[in-house]
Amino acid sequence: MMLRWQTLLRHGLLLLAAGLVMLPMAWALLVAMRPQDAILSTDILALPQWAAVTRNFARAFEASPLLRFIGNGALVCALILAAQLLLMVPCGYALAKLRFPGRDLLWGCVLLGLMVPAPVLATPLFVMVAWSGLMDSVAALVLPWIVSSLGIFLMRQFFCRVPDELIEAARLDGLGEMDLLVRVLLPMARPTLGAFAVISIVAHWNDLYWPSVVITSAERATPPFGVMLFQTQEAGTDYGALMAGSLIIAVPLVLVFLLLQRRFIEGLVAMK
Amino acid sequence: MAKLEIQGLSKRFGATAVLHSISLTAEAGEFISLLGPSGCGKSTLLRIVAGLEQADAGSIRLGGRELAGVAPRDRNVAMVFQSFALYPQMTARENIALPLRARRLTRLQRLADRFRLDGASRCVGAEIDRQVEALAHTLEISALLDRHPVALSGGQRQRVALGRALIRQSSLLLMDEPLSSLDARLRVQTREEIAQIQRQFGVTCLFVTHDQAEAMAVSDRIAVMLHGRIVQLGTPQEIYRAPRSLAVAEFIGSAPLNRFALDLPPDGTVQFGEVPLGMRAPAQAGKSVTLAFRPEGLRLAAAGVPATVRRIEYHGAEAFLRVEHAGRTLIVRTGAAALPAIGAPIHLAPDPAAALLFDVEGKRVAIEPLREPAHV
Amino acid sequence: MSERRWAGLLLAGPVAILMLLLQVVPLLLVVGTSFTDWQLGGPAPALVGFARYRELLADPNFQASAAATLRYVLMVVPGATGLGLVLALLISGCRRGRSLYQTIFFLPYIATLAAMSMAWQILLHPSFGLVNQALEAIGVPATNWLRDEATALPVLVLIGIWHETGFAMVFFLAALASVPTELHDAARLDGMGAAWDRFWLVTAPHIGAMTLFVIVVVTAHALMTFDTVAVLTQGGPGNATRLLLFVIYQEAFAFFRTSQAAAATVLFLIAALLLGALQLRLGRRREGA
């Protein structure tokens, strides 16, 4: 009896909290589905109208190249991730299993890099980008982030946990370094890489700071920067379209998250 | 100490039935083992008695008092867990004192007593300390009282857990595989200590284990559980010598059972291979049965069933011989003096009194000597 | 052995070079610039020692920013951590729906904050926003939440808590899952079965390390708040929401006061390094525990 009451209270509180948490998104969706006069009125319970929905979303796409923003986001994140993976896996392996001059120094730099937030390096990087004529380009968005201290850290920790005997056995079987890496170790590293990939994609997709530094045009804008752009476009009048645009921008990552949530959360926690 | 009566207890988790109408009575001061393989429901049964789970049907009475709907803390029941479940942030002393402090001091008093603020709670606290010291002395852990669990060995933690369970002098002591996290040698030593303490305190005890040797060594009675049912309840001797079913016979006993499927002739006489046992089972005449012998039921003899020695398992005072007869392997227990060589031909004489006969469903059936009067 | 050494250099070499170029050199440049008077596009820089730092710390605008950032962090961190813990406790006691709740509460952390800020803006709109309409319905006068000096920062704090709580919750859920259930059972039998008692007896000692870790990480996140300021308030009204990272951005890329920005960045860096070092220490200790 008492247990039933407790469960009811528990779920009641959680549902209330869930409702509050989803409120901004739910409200944005509602506004995106209403005509302008309904939005501006004080009628909270105005029903959505299909005509308003099509109109608002169409207007959002007209006013700003939303699909372009999303496409840019996908391109930039994919390029960054590809470069990060290409660099961090061999480097992590070398740091864990091989001895070479400067190894400890490099590892120290990796640890330092973990603690230095990205915006700290923005100004000098900005100067470098401007000086090399790469302002407002995909290269400017991608290049500064291709060395991921977190990625190298994770890979090194992973490879440290791989027993030496495994590697020696593979060498005895005649595998060269490259083969060893690609055919034996990489498949083992897949969960870690998967978790890292999600973290990298989310971080760079949602990054507003760096694009605000190097992007000036709508052609190159990534999703968050795109939001700022079309905010100025719509300039506080067409709320329906504004909300439609915001939702369109937010949806891709949310969808991907919903599909991969377990992988992401496990990875996040495992990474501490 | 109090009498425990369990009647018709059933439990299902979702669609799976875990306990089927369990009934069991433990007399006051009795040590009863719940013995069975993993998944047979014994831990669930224990948890239900403790009040940590609810049964779907049935009743539990302790000392005549119905326990349904009573919270765990009010059931006058104590429990020792498999992992000991000692609070890692508290010393052994604090762990043992906790059940008393939780009951005799209110939350405010507990807080005040911790900081030595309130006089009345200090008195109660001091009295509790005295009890803890006395019990620790009995359990021989007085020197360990101010250590934290992390600084104690497995056996020491076990005793602290025992102390915490005994401090309240509950009517019933529940133990959920308390020895399984100890190494083998410690297990034997500790189970003796537990049996001794149980006798000393006279508390009714329900002991869950999957180790049949353990159960047989310490229990007054054993409840053998398979697939959520108690298939036999009896003293260790009864269960060993007169198992109610083939499953029980195979579960009990350290060495494997020698079993043979055979069809009895119309006159119901039982033979071991070509050797007549001088026994018959009239009720099973003409039917398929299983004949079983424990390794000590087959003796080396000058004449009898021929067999060849294949392997010798030497155990110091005794040995187990793996012999081959008619294409199958039998296990024979014998004294370690004058062991035959490997490959040597021997003869086995089965002891008719040790023969176990089971019907086609695995239930044990009566078997009697050919000559009157019959006595088994 | 020598072949392995070459392999090591080959595999790690590119990273080393790029790291030098993309991280080490910029870092040194930032620190170095903070000791000069250089402005972007201006004449050659001259060393001025700690002058920029002295100016910065004496500047009332910067002081206001630092104060606002401190207030922001001191409100967001306990808010998100505490709420995250409460949610985790509630969810961990559920038999059904755990996964669903976890997803819902984690969503704000994933959703692009810039876009969500627009949604918040509409929610808080002075005339037709849901919040004000609801308040007016119960007789409380409406407020222009983002334009009122007294409420602008608290609103950003609310959004910050909304954003970070799911993050904290996920870590707490993991920690709570690692508490042995037998300890809860023992507590029930020992007479400490009430939820409050069990929390202090069984749960709290177990999650201490994780709680510290979560606090450090959430503090680091809060320190780096930029999106909400950039989209919603641009630092206003007045200096109410000029959080540190936004100040740095403006100094560097709006006013091009490069050396001042560098000095502010170094101060920001020191705070971040302290938190980062703590995070590493705590993370290592948890791994060993």
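Each chain carries a letter (A, B and C) given by its place in the written order, and its residues are counted from 1.
The rule is simple: a contact is a pair of C-beta atoms (placed from the backbone, for glycine too) under 8 Å apart; a residue touches a chain by one contact, two chains touch by 3 or more.
Remember, predicted model here, so these are calculated numbers, not experimental data.
Q: If each hop has to land on a touching chain, what is the smallest number of hops from chain A to chain C?
A: 1
Q: With centres defined as the mean of C-alpha atoms, identify the chain lying farthest from chain C.
A: Result for the farthest chain: B.
Q: I'd like to verify one number: the distance from the centre of chain A to the centre of chain C, where each centre is the average of its C-alpha atoms, in whole angstrom.
A: Here chain A and chain C have centroids separated by 16 Å.
Q: Provide the C-alpha centroid distance between chain A and chain B, rounded to the nearest whole angstrom.
A: 56
Q: Considering the complex alone, what residue numbers of chain C touch chain A?
A: These residues of chain C touch chain A: 1, 4-9, 11-12, 14-16, 18-19, 22-27, 29-30, 33, 40, 87, 90-91, 93-95, 97, 99, 101-108, 110-120, 122-123, 127-128, 130, 133-134, 162, 165-166, 170-171, 174, 213, 220, 224, 226-227, 230-231, 245, 248-249, 252-253, 258, 261-262, 265, 268-269, 272-273, 275-277, 279-280, 283, 286-287.
Q: Considering the complex alone, what residue numbers of chain A touch chain C?
A: 7, 10-11, 13-14, 17-18, 21-25, 27-28, 31, 39-42, 44, 87-88, 90-91, 93-95, 98-103, 106, 109-111, 113-117, 119-128, 143-144, 146-147, 149, 152, 177, 202, 205-206, 208-209, 212-213, 223-225, 227-228, 231, 239, 242-243, 245-247, 249-250, 253-254, 257-258, 261-262, 265, 268-269, 272
Q: Which positions of chain C touch chain B when the two form their complex?
A: 180, 182-183, 185-186, 188-193, 197, 201-202, 205
Q: Which chain B residues qualify as touching chain C in the complex?
A: By the definition above, chain B touches chain C via 47, 50-52, 71-73, 77-79, 81-83, 85, 87-89, 98-99, 102-103, 107, 164.
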